[in-house]
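Below is one structure. I have some questions about it.
All chains are identified by letter, namely A, B, C and D, in their written order; residue positions are counted from 1 within each chain.
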Amino acid sequence: MSWSQDQMVARAAAEIADGMYVNLGIGLPTEVANRIPPGVTVTLHSENGLLGMGPFPLDAEVDPQIINAGKQTVTILPGGSVFDSALSFAMIRGGHIDLAILGGLEVAVSGDLANWTVPGKMTTGMGGAMDLAAGARRVIVLQTHAAKNGAAKLVRTLSLPATALACTSRVITDLGVFDPAGDHFKCIERAANVTDDEITAKTGATVRFAPTVG
Amino acid sequence: MSWSQDQMVARAAAEIADGMYVNLGIGLPTEVANRIPPGVTVTLHSENGLLGMGPFPLDAEVDPQIINAGKQTVTILPGGSVFDSALSFAMIRGGHIDLAILGGLEVAVSGDLANWTVPGKMTTGMGGAMDLAAGARRVIVLQTHAAKNGAAKLVRTLSLPATALACTSRVITDLGVFDPAGDHFKCIERAANVTDDEITAKTGATVRFAPTVG
Amino acid sequence: MASNKVHADASAALAGLLRDGMTIMAGGFGLSGNAERCIDEIARSGVRGLHIISNNCGNQGQGLAILLKGRQVARVLCSFIGGNPDLAEQYAAGTVAVELSPQGTLAERIRAGGAGLGGFFTPTGVGTSVAEGKEVRDIDGKRYVLEKPLRADLAIVRAAVGDPDGNLRFYRTARAFNPLCATAARVTVAEVDHLCGKGELDPDDIHLPGIFVHRIFEAKDHKNPIEFRTTRPTSGTP
Amino acid sequence: MASNKVHADASAALAGLLRDGMTIMAGGFGLSGNAERCIDEIARSGVRGLHIISNNCGNQGQGLAILLKGRQVARVLCSFIGGNPDLAEQYAAGTVAVELSPQGTLAERIRAGGAGLGGFFTPTGVGTSVAEGKEVRDIDGKRYVLEKPLRADLAIVRAAVGDPDGNLRFYRTARAFNPLCATAARVTVAEVDHLCGKGELDPDDIHLPGIFVHRIFEAKDHKNPIEFRTTRPTSGTP
C-alpha cells in the first residue's frame, strides 16, 4: 500500500537533523513543520525575510505584517529574526540553508527539477522556487510518484521547463524514497507492500533497488 | 598672493549646498567640516559606516567604537546612522554621495586623479579612495597647485598610478579653482594677485581663463 | 541633515514626480508592506503606461492591483503573479507585459542598481528559461548567469517608523523589498506609520539610512490587508 | 533554533578549527570591532602560514598585528596597510604577501562570497592597477571591472550583543566588516561583549541573523584600543 500524504510528510520530516536551517516549500512541504521528530530543533526560513518561523497564530495573535512566503499569517518564535529580501536570498544562494523541501512536478535522473510552470497553463511565476532549488545546500522533493493521469513524474529527462539543474538529492513519493543517480533512480526505501514492479511501471526512468530495500 | 590652506578649505566648503551628503577625504579635506557656511546643513559620510558624523568628541565623550575612516575618534550627530561596509560603499558607488572632497597628488585635464600611491615609496593602500573617486556623484580635489620641488600637479596626463579615470569635476589649489575640460584646464577663479602667467607656469597642461576670472 | 524631506501627505510627497511611462519600484511583498497612500495617490493622478517593478503587482484586487484596475500599468517586472486576477487577465489579453524574475535575482538586481554595480553572476536560473539570451559562465566549476541591475524613476516604500532625516525602521516581514527599492530610484518616497522627532532613533536601530529617502510622510490607519488569514486552534500545538 | 552554539571562551569556541595555511576573515576596522580574544587564541595556538582577509591587518602592533608579530601570517588581503609597521616590514622583506583591494570592492567581494554569487561588475578600479588581469566591460556606456567573491575557512567577528541562537547586534562603527565576514566563512565564531538570553532580542533589532554564526562566546573587558584619540576643547564648536 502506498504512503498517505501524512506518511510522506513524516518521512520527509525524518530527513531533518537537529540544528538545521530549513526552508519548506508551499503546499505539502509546509506540513513537514508539524511532523518534526521530538528532540529535533529546526529553524524554519521563509524567503520573504524570516528565520524562526513559528506555527499559524492564535486568532487573537494574527498580525497582517507577519506572513510567510505563501502570504499566510504566521508567528515568530523566540530567537527568530527578520531581514530584507536580499539578505534572505543571500542565505539561500550562499548555502546557508541546510535543506529545502520542495514540491515537484518532475524530477529527472540527473536531479533536474521542474516545479514552477506547465506550458499552456497560466503561470503563477517562479517566486523563490528557482533560488531555493539552485541554492539550498540539499534539496529534497516531496511529490506524488505519478500524475493523476498516470504520467510518470520521475523521468529520464524533464518534459517540463526546468526550475534548476542537478539540484535534487532525494525524492520522497507515495511509493518510496528515490535518489537521482545520474542515469537512473536509486530506490532506497519502499512504502510497505509496494512492489519493485509497481515502482518500475510507474517510473519514467530506470530504477535500481538498493539491496537492503524491502 | 596665493591662498592659505584655510582659504583653500573655505573655498572648498563653498561648494557644499544645503542638504548635501558629503564625504571628506583624509587630510586637508577633513578641515572642510569646520568651514561649512552658516545656514547650510550637510550630512557627513564616513566610509567605515557612518552618516551624520559630528565633530571630535569632548574628552569625556571619547568612545573607541565611534571612529571615522581615518580611525580618529568622532561623534554622531542626532539623525545619524551606522551600517556595514557593504552598504556604506553601496552609497558611494550608487551615486548617493552628492560630493566627495579628496586630496590629490595629480589631476589630469581628462579629470583622471592620482592620489593613492607613489611608485618607489611604501604604499599605504588605497583604502576607500578608489571607490570614492569612481563613485561619488561629484568629486572635487583639494591640493596644492605644485609640489614642493616645483613639479606640476595639474597635468596633461598622469605620471602617477591612477585612482580613477575622468572622475574629477574641479580642482581647488592655492592658486585658484580649475575644472578639467578634456584637453585643458579651465580656470574659473584665481587667488587674489595671482597672475595668469604664474598659473600657466606652474601648470603642466594648457590653462584657459574664463573671461570673468579676475 | 538634509532638510525639508517631510511632507504632509502622499499628494504633497508625490507632487511633481508622476508622469506617464515612468518606472516605479514598490517595496511590498504581497499585500504586506505596501505604501498604500502612495498607491492611492498614483491611482488618483491618472498617470498611465507605468512600468512597475515589485515582487508582486498587488493581489486580490488590492495593493498595486489598484493601478491594474485603472489600466495604468503597461509593464510589470515581478517574481510571482499568482492570486492576482487583474494581472492574469491583462497579461492574457496582451495589454500588460510581464517579465518574470526569480525572487532572489529580483532582490539582488534592485540592490545592484542601488549599489552602482554593473551586474552580477548568480547560480539561480542556469539551465532554465530565465537564462535565455543571457551570458552563462563557468566560474570555478559552477555555472552562473549574468543578471543586470535595476533602477527606477521613483520608489515608493513603506516603513513603520521614520524620522525627519528619512531614516527608517521596518516592522516584521513588511521589510522584504522595501529597503532595497529605496536605494535604487532617482527619488524615493517613504510612507511611515509613525514619524518621530529628529534624533529619536538610535544610530544602531536604523534599518535604512536616510540618505536613500528623499521625501517622507506619515500615514496612519493603514489597511494592511491579509491575503491568507491562517490560524491555529486556541489550545494545543499547530 | 540550532543548538549548542554557546561556548565558554575563545579556546573552546575555536577548538578544532585552527590549522596551518588556513584562510581567516576578521571583521574589524583598524583597531575597532576586533575579536580580540579570538586573535589572542589564534596567537596562542601557534598556527602558521595564515591567509588573512581583513580591511586592515591590525595597526600599531595591536589587533591582527599580533599574528604578524608571531610570524603566523603568510598572506594578507586588505585595503589599507598604513600605520602598521609589522606588516610594512614583513611586506618589504617579502615574508608576507599583500594583495590590496579597494575597500568597497573588498566589502562587496566578501558579501558576494556569503551570498553565493560568482562575481560582480564594479566601476571601482577601472583604469587602475586594480583592474590589471581582470575583465573590464562596457555596460550601458560605463566601464566596469569584474571582481570575484571571497570565502574563508573561518571568520572571527565581534559584536556588542549576541544570543544563544547566534543573533548579533553591533555597536556603532565597530559594525563595518563584521556582519559581512560572518556570512562568508565555512565556520563563523562570534565574540560578544554581552550574551543575552534566548529570545531577548526583538526580531526587528537583530543586525545579523544567527544562521551565519556557528559558535559564540561572551568576552568581557575588551581593550578597544584607540588608534587616534582626537578631541575638541570643552567649550565652543570643533
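One rule holds for everything that comes next: a residue touches a chain if its C-beta (ideal position, glycine included) is under 8 Å from a C-beta of that chain, and two chains touch if they have at least 3 such contacts.
Since this is a predicted model, take the numbers as computed values, not measurements.
The chain with its Cα centroid farthest from the Cα centroid of subunit D is A.
With centres taken as mean Cα positions, subunit C sits 35 Å from subunit B.
For the pair subunit A and subunit C, the distance between C-alpha centroids works out to 28 Å. For subunit C, residues that reach two or more other chains under the stated contact definition are 108, 111, 115-117, 122-123, 170-172, 203-204. Multi-chain contact residues of subunit B, defined as those touching 2 or more other chains: 50, 76, 82-83, 86, 89, 92-93, 135.
Taken as a contact graph, the chains fit none of the simple arrangements: neither line, ring, star nor complete graph. All chain pairs that count as touching, in label order, are A-C, A-D, B-C, B-D, C-D.
Of all residues in subunit A, only 33-34, 46-50, 55-59, 62-68, 70-74, 76, 82-86, 88-89, 92-93, 112, 122-131, 134-135, 161-165 touch subunit C in the complex they form.
Interface residues of subunit A, counted against subunit D in their complex, comprise 18-21, 41, 43, 45, 50-52, 76-83, 86-87, 89-97, 135. Residues 29-33, 55, 59, 78-83, 88, 92, 100, 102-108, 110-111, 122-130, 170-180, 224-232, 234, 237-238 of subunit C are the ones that touch subunit A when the two sit in their complex. Contacts from subunit D toward subunit A in the complex involve residues 1-4, 111, 113-117, 163-165, 167, 183-184, 198-199, 201, 203-204, 206, 209-212. Taken in their complex, subunit C has these residues touching subunit D: 108, 112, 115-123, 137, 139-140, 142, 144, 148, 169-172, 203-205, 207.
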